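In structure tokens below, several structures.
Next, two complexes with chain A in common: one pairs it with chain B, the other with chain C.
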Partner chain A sequence: MAERPEDLNLPNAVITRIIKEALPDGVNISKEARSAISRAASVFVLYATSCANNFAMKGKRKTLNAGDVLSAMEEMEFQRFLAPLKESLEVYRREQKGKKEARKDKDKKADSEEQDKSREEDNDDDDERMEEEEQNDEEEVDN
Partner chain B sequence: AEMAAARLSGTENRLVSLPLSRIRVIMKSSPEVSSINQDALFLTAKATELFVQYLATYSYKHGRGKEKNALTYTDLSHTAEECETFQFLADILPKKILASKYLKMLEKEKRDGEVREDDDEGEEEEDEDKA
Partner chain C sequence: TGPARLARLPLARVKALVKADPDVTLASQEAVFVLARATELFVETIAKDAYVYAQQGKRKTLQRKDLDNAIEAIDEFAFLE
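Let's look at the complex of A and B:
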């Protein structure tokens, strides 16, 4: 590896949270363990990227795509991840699409300002998130 | 659709909690990678979360530590050594050894006639980097 894993680390707070939610309540995680898992996660990213890149190269592509990452997971023997990853990807793609359309709507509305005084939210599809807001820790949006 | 997202995500109803920008930095540090499409970036981030969960729970379940209510470094390094799926972590999660034990090992080897060349490393386990 060209760089030491410590230089490419992930936020401690997020890593800790993920670990805590995975383990039973009341289990302590030593600082050393947490730091080790964080390093392991970075190494995982590097390994997965390298593996995915091999698939891209086999396909004579320069851009890593979703399929490459999924193939990499299989190659690395993390088949158990495939189903949840595919599900998440579906949701992610829908979210992205929703955001794009919300932005387009915003632009259209900006052009014709007179039409949308206050109730533009009601005009949006119920399925879509509120415009481009990042999903915060709020409850799920109801349909 | 929102229900599915809440069910899938591990943390606070978000689809993914690890920051994509940071994941991207790590991915781009690989010299042979030119570009990464958005879906691939998302999947890598999500896979990393799943990996963290898996490593933590596996190590906790199989840990031979005396404490049942803690996850320790030793649990993790056991996992790296013993579970094939996690063997790629063996170098960064080495078994710990007391410095005094290591020094004794060195002395024994010298006595046996073998001189180790890399005997200036190892006093601090954490710095071990044989890669």
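Let's look at the complex of A and C:
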């Protein structure tokens, strides 16, 4: 992969929509301003990742987790992001759990009728195996 | 955007940025999600902060210089300089 980090940008349409919703009606954004915000957003991700990774390493972990990102926000002085991020994370976790259970129900139905009917809800912590619509979790970064 | 909103930025693109860091081994899906949400909040914040300068200039169009002014003036944006 010969991409430089600066080349990795976020979709213009989404960035523009977020900007427009943050500003009052009737306010416009010049192309240059939108472009600058988009680049700033990419830099934000890179910087936050680096910061979060320091927390992971401090905790002797090889996997960057949500807590590391939250710690990074605090470190970067974006404490005001913490409350909304935690709420979003809760919603996200509930959704992922719902998806997981939907998959398990599907699997159960596919199983023969002879199965145990009174199976309790699983308590596995296999959230590492959760699949996104787009891609798998925790792909190895081959650097 | 409400606090409980799910990410609008595609997680795959955010993940690509995370992977660009040579020091990062693995990132959990949740981490990528929180990063995506944080980035959205960041975009909102910087847009609003820049807009203050447009207002001072009595303009209804946000311009590049408004961004530059906000970045220079606000400590949290120092990493962008």
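Here is the rule we use: the second predicted complex is superposed on the first by the 104 of 143 C-alpha atoms of A that agree within 3 Å, B and C clash if a C-alpha of one lies under 4 Å from a C-alpha of the other, contacts with A are read in each partner's own complex, and residues count from 1 in each chain.
The rule is simple: a residue touches a chain if its C-beta (ideal position, glycine included) is under 8 Å from a C-beta of that chain, and two chains touch if they have at least 3 such contacts.
Just so it is clear, the structure is predicted and the values come from calculations on it, not from any experiment.
A.B. asks: Give one word, clash or fit, describing how chain B and chain C relate on chain A after superposing.
C.D. replies: Overlaying the two complexes on chain A (C-alpha atoms) leaves chain C and chain B clashing.
A.B. asks: Give one of first, second, both or neither to describe whether A:91 is in contact with chain B, with chain C, with both, or with none.
C.D. replies: After superposition on chain A, A:91 lies in contact with both partners, chain B and chain C.
A.B. asks: So, does A:12 touch the first partner chain B, the second partner chain C, both, or neither?
C.D. replies: neither
A.B. asks: Applying the touch criterion given at the start, work out whether A:83 contacts chain B, chain C, both or neither, answering first, second, both or neither.
C.D. replies: It touches chain C, and chain B stays clear.
A.B. asks: In the overlay, answer first, second, both or neither for which of chain B and chain C A:49 touches.
C.D. replies: both
A.B. asks: Just which bits of chain A does chain B share with chain C as contact spots?
C.D. replies: On chain A, the residues that contact chain B in one structure and chain C in the other are 3, 5, 8, 10-11, 14-15, 17-19, 21-23, 26-30, 32-33, 36-37, 40-50, 52-53, 57, 62-66, 68-70, 73, 76-78, 81, 84-85, 87-89, 91-93, 95-96, 127, 135, 137-141, 143.
A.B. asks: Once bound in the complex, which stretches of chain A touch chain C?
C.D. replies: By the definition above, chain A touches chain C via 3, 5, 8, 10-11, 14-15, 17-19, 21-23, 26-30, 32-33, 36-37, 40-50, 52-53, 57, 62-66, 68-70, 73, 76-78, 81, 83-85, 87-93, 95-96, 127-128, 130, 132, 134-135, 137-141, 143.
A.B. asks: Give the list of chain A residues in touch with chain B in this complex.
C.D. replies: On the chain A side, the touching residues are 1-5, 8, 10-11, 14-15, 17-19, 21-23, 26-30, 32-33, 36-37, 39-50, 52-53, 57, 62-66, 68-70, 73, 76-78, 80-81, 84-85, 87-89, 91-96, 127, 135, 137-143.
A.B. asks: Could you please specify the touching residues of chain C with respect to chain A in the complex?
C.D. replies: Per the stated touch rule, the residues are 1, 3-31, 33-35, 37-48, 50-51, 54, 60-64, 66-68, 71, 75-77, 79-80.
A.B. asks: Enumerate the contact residues on chain B facing chain A in the complex.
C.D. replies: Where chain B meets chain A, its residues are 1-6, 8-19, 22-23, 25-27, 29-40, 42-44, 46-57, 60, 67, 69-73, 75-77, 84-85, 88-89, 92-93, 129, 131.
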